[in-house]
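Supplied in structure tokens, the structure appears directly below.
Chain IDs A, B, C, D and E follow the sequence of writing; residue 1 opens each chain.
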Amino acid sequence: QDSVKLGYQLPLTGNTAQYGQDFKDAAEIALTKFNASGALPVPVEIIYEDSRSDAKEGVTIARKFVDDKEIVGVLGDFTSTVSMAAAQVYKKAGMVQLSQTASHPDFAKISKWQFRNITTQDQEGAVNAQWMMDKGIKKVAVIAEQTDWGQSVAKGFVEPFEAAGGEVVYTEFFNRGLADFRSIITKLEDQAPDAVYTGFFYEDGAQFLKQMAQLDAEIPIYSTSAAYNDQLIELAGEAAEGLLLTATFLPTRMDANVQDFVTEWDKTHDHAPGQFPAQAYDAVNIMLAAVVKAYPDLTRESLRDAVAATSDFPGVTGNTTFDENGEPLKELTKASVVGGVFVEVE
Amino acid sequence: MSNILEIKNLSLKIGIQDILHDISVTVPEQGIVSVLGANGVGKTSLMRCISGIYHATGGEILLEGEDISKLKSHEIVERGIMQAPEGRQIFSNMTVLENLVIGAGPLGRQELDHVLALFPRLEERLKQQAGSMSGGEQQMLCIGRALMRKPKVLLLDEPSLGLAPRLVGFICELVSKIRAEGYAVLLVEQNVKAALRISDTASVIEHGKIVIEGDASALANDPRVAEAYLGGHVHETA
Amino acid sequence: MTAILELDHLTRAFGGLKAVDDVSTQVHQGELFGLIGPNGAGKTTLFNLISGFTPPSSGEVRFKGEVITGLSAHKIAHKGMSRTFQNLRVFPNMTVFDNISVGALGMIGVGPISSLFGGKARAKDISERSYEMLERVGLADHADDLAANLSYGKRKYLEIARALAMKPDLLILDEPAAGMNDSETTELAHFITGLNKEGLTIMLVEHDMGLVMGICERLVVLASGRKIADDVPAVVRQDPGVLEAYLGGDEG
Amino acid sequence: MSKSLLIKLGLLVLAFALIPALLVGFDKGYYYQIATIAAIFMLLAASLHLVTGVAGLLHLGHAALYGVGAYVAAILGANHGIGFTLGLPLAGLSAAAIAFLVALPTMRLMSIYFAVATLGIGQMLYLVFLNWVGLTNGPNGVMLFSGINLFGLEIDSDLGIYYVVAGIVAISILVLNRLSHSYYGNALRSLREDDQCASAMGINVTVMKIQAFVISAFFAGIAGALWAYTTGYISPNDFHFSQSILILTMVVVGGLGSLPGVLIGALLLILLPEALRSVGDIRNIIVGVLMFSAILFLPKGLFGEVSALNFARRVLGQGWAAKKGEKGIGWK
Amino acid sequence: MLDPYILQQLAIGLSLGMIYALMAIGFTLIFGVLNVVNFAHGEVYTIGAFAGLMAISAFGPPLLVVLFIALAAGALAGFGLERMAFRPFRRFSDEASLKSRAMREATLMSSLAMSIIAREAMEMVFGSQFQTVDLAYLINKPIHIGPITIVNGDLIILGVTLLMLGGLQWLLKKSPIGLSIRAVSNNALGAKYCGINTDRTIIITFVIGSAMGALAGILVGLYYGAIFPSMGFTPGIKAFVAMVMGGLSSVPGAVISAIILGLSESLSTSFMPSVWSDMVAYAFLLLTLIFFPQGLFGARRERV
């Protein structure tokens, strides 16, 4: 065998291509570095397939990867919907699938073959709830996108927050890509919460923040790591000031790993990497580390066990350990937008 | 008398079907020429070729010496040929007045008055939606619309279709009358007797070919015409 | 003689215009009935009232003794009335044969179930009836042509064949001879009288006086929506009102 | 007659022997997957063909009815223990029932008005899939753990699943073929051409339109159930408006009114993007360009209605001939 | 005195409605009035936004110039679109083709194909993410009127919508070209017999309609600060719905329906979860069609 092959299914075209392209770039950085390091006697190769965020294509690609006997493990997909549909194939065929972002509460539970390295909202929501409690915030409105992820954002926050004695005065979901949040904001203001907890990606986030500012709604906004992206600030400008969020990845952090990645990334991009490419970078590295561990007896089965055994893997998004369900346990950092940049806060 | 419209050796193929074959017809200035023939022999197709709706696959069409067979339909209208087509092709969603105005192109008021004087029914119904008019009323509109342009050559494809007997007579008179105003008319008519009475010359088409042509009065007495088109008589002239 | 169709004070107004104004008459079983009148007199509108395409403003239509005012067109068709349209309505992108078959199948009735299971007998019925009509109007050579590619005159016959395929008791023809020359009209006259001889009641609108006077047994004359005459052709032709309103000067 | 029989047999052999043989030969789940998806979309396209191609009603919400079938099958299977054998017909019937309900008020709408009404209905159903969390599990979708179980027989192998899907799709398409290539189809075509005129022929226009719409929805529902059972996980996105457009594209590119054309269209639009994977990110542009050229050169479809009807009458021997030994002109 | 909350929601609804209307106007001219099924209008809208954006980032001209550049880009796009996706199909002039559904839907497909190609190409070139827009160009500066807040963009969009509406009404009702457009849409063959240059009329309509669409694109892009390749999709559907609700060929009808849609969305958000607000908009659509099968201002069917 002269190389090790991995598959990566991700959206390279279509509405979500911007995310898939970032994943691919991040994965390439990780792969190049790995192959140069000589950790394995043979090079590793990643085969990218475009799923367009369409479940039909997602399962077809999964079958294709499964057919290719040389492929030992798979990364992706981006959205949970496609990851979940493809997971049925990997489950049946017995191939490890590590998604950098799939956040559906049931994803990792599908079978022993599914893993993800993105924090679950049970974790992130609890941290945010505690953060607000610490600041004495009692009345919160929750706004999240109407996806499986958004649902889990709301649920992950509301449960611990209410358990801690807080009150959720208003919960609202919106369809991803909603252009106009003003009706929701007006309604939200009417409920006079002390803070808003939000589950959105940076594009929806920028819209929301701008329109909050437009309507002079001066309410502190908390968000998740999904909003962590320089482009949020670029799109929202002033309106992003004061946004509070939890994150696992800070490109400004003075950690060798992080700086390595950021430097490489900056060579080809004019924005610092956000949360998502960092997730992909880590996912690929976790997979590669597992490949090294399983080598030379590299089979789909042995690779799976090696992935499952990942413990305290030092990535750019913090240390990753998979629990028995394939869920990651991670450290979360708190950050805020101050003067047009994300800064870590205590 | 010079010829205003000359059709020379025209042929038309649609798909594999030979629709017209080697047709030649000449319309002199201020002349009235009819084209006769049974159903489906290609009269309408000929008229469509002249108006540029179909493009002939062979031969030429000369208007005052200029070949117009390759021109687009609107250029042909601009050069002075206007048709009252088969199937009327009025603008059914628009009002009668709008229909007439569109027909007029750059011309205006005067022609409108002229046409409305000819067809008082149209004047009564200027604001009515053209599609809701009766069949005969639509036919009047169709002819009226063609007159709005003051064309040099007026093409009439079965103008009497759907008109009451009284109006058929009126149209015949009208055709004879407008020649004095300088129009030349090419007429397709099923009402063979009436057509031959007002025309100078006539051609009879069969299967896309001209089989008989000549002076209208001669054709009216031609036994072949009488047999083919004037039929055995259920007809007692009304 | 029994009346197959009775019109009772039928009126239809469009805005201020009374297109049909208080018309009453009867069509008898087996009759060849003519309806004439100047353009815009209301003939087509009257047909539309009878066949259910336009609801009357007031008045009543009875067909075979049954009141059919207000029924929808397809129900009236099922009672045995079929019609052609003045402004030629064929199904342009269907073949000639398929056009005719619609007339037959409309009456015989097809459903998804019967079309799936068996239905062979019905299909045979429809096919044969359609083919019979196809031959009868002499379009057999064109069976496979799209109706849109037929010339005007052939479409007329196609429409008639389609109406006949419905095997109606009353056939309503709106200007069937329009666009036909004298000899073709003569042929058509034979065709229509032939149908009538077979016992079919026919109602006919036509501007070709030769045809109307030659074959109709009785004529009703409309002018401006009102009935101005109702008699045998010979009498109607001499009626000064009719002469004045309709026939006008001489005509070829 | 014998020629037509041969062709029919040939098609059957192709679907039931040759394709599986090829698939087994290559031992590729990938090909099975494509064959299965292609089969499902052939059924979707064939069912849309009945409403849009034959009856002429531009339908922009077909994917939503497909979704109803998928959700019914998945929810029944996941939460109520109702398996494939019963779930499949129930999925079809539910989609048909919903279609019937929405058809009642919309069937008198003409042309684009009808199209927009179906677009609206499709979007409303999509919103239900997405937002009625209690019923559909909302954006989380439904996972269906049970596989295809046909009258107690667990079907697990790729080949078995292919046979089940292909068999159901083939039967459905035969039914749709019968409906569109028959006098019933002619009745529907007459509505498309001129509904007022059709009503003068004694055709109950509203009832016919509803029938076509409901039958088509039934088969869309069946396709939905097949999708749910073959992927094991469904979510609202699978039934988005863009899927309706995809199905419509298959129908139009293949040939409005032509069943064989529509099947070719479906096959092409599933296979082409897959075949073009190797060209990378521009594959969708290429699909667009090919689609454009196809429609440019063959605006009536790859296999237009006129040829399709002739094909059915002559070659498949469904036509009725007026005289012995003549070519068929009507329908048997 | 109305509750300021409701007033604010009304203001938002109106502004949403005006945005839909802005897009619906050009769409209605091409699709509704000219009666040509055009599925690529959303991409023309997007092209307008990108053209404006490129102008902004290239040389930062005044807003008015940006708008003119978008207009010009739209006109060009409309011209190209008509040439490529519509004109070729007019070579079929026989009756069977003219009356065939397949031929009619063929332009639907060709325009759909063009829209796929255009969108994918824009994604290749620009990526599918929101583009960053110089914040100074955004037209979302708040204006407070009593208890409610609107933005300067609302006034600009209102002005442009009124201008377009008035302009189009004049064009369609009073100018010869408008008469030609209506004639061609009603009966293209008849128009040929009347000496109308149908090709030119159609091109002009496309150019005007597309220029309006592109202007809508850049305005809405700057209004929300969101310019991305698939930005035309959602407003495209809403504009389509508004056009049909209005009766296809009536520009004021489309504008009124667009406002109804905008209002119903924002007001329904007050009473139910926002994810359901589209449900209300579509329910309005269905109700309208049930009571007005030809839309609010549609023409009646022809007599037999």
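Rule of thumb we're sticking to: contacts are C-beta pairs under 8 Å (C-beta built on N, C-alpha and C of every residue); 3 or more make two chains touch, one makes a residue touch a chain.
Treat the numbers as computed from the prediction; the structure is a model and nothing was measured.
Using the contact threshold fixed earlier, the set of chains in contact with both subunit D and subunit E is A, C. Under the contact definition, subunit C and subunit D share the contacting chains E. Placing every chain at the mean of its C-alpha atoms, the farthest one from subunit E is found to be C. Across B-C and C-E, the chain pair carrying more C-beta contacts is B-C.
Separation between the centroids of subunit B and subunit D, computed from CA atoms only, is 50 Å. Subunit E has its Cα centroid 36 Å from the Cα centroid of subunit A.
In subunit D, the residues that touch at least two other chains are 130-131, 193, 196-197, 281, 284, 305.
Touching of two or more other chains is recorded for residues 13-14, 17, 146, 173, 175 of subunit A.
Listed for subunit E are residues 94, 99-102, 120, 273, 275, 278, 303-304, each touching two or more other chains. Pairwise chain contacts in this structure: A-D, A-E, B-C, B-E, C-D, C-E, D-E.
On subunit D, the positions that touch subunit E within their shared complex are 56, 58, 105-106, 108-110, 112-113, 116-117, 119-121, 123-124, 127, 130-131, 192-193, 196-197, 241, 245, 249, 252-253, 255-257, 281-282, 284-285, 287-289, 291-292, 295-296, 299-301, 304-305.
Within the complex, the subunit C residues that touch subunit B are 14, 37-41, 43-45, 86-88, 150-154, 175, 178-187, 189, 207, 209-211, 213-215, 237, 246-252. Considering their complex, residues 27-30, 32-34, 37, 130-131, 133, 138-141, 143, 231-235, 237-238, 273-274, 277, 280-281, 283-284 of subunit D touch subunit A. The part of subunit E that touches subunit C in the complex is made up of residues 94-96, 99-102, 303-304.
Taken together, the subunit B residues at the contact with subunit C in this complex read 36, 38-41, 44, 86-87, 121, 132-140, 158, 161-170, 172, 190-194, 197, 227-238.
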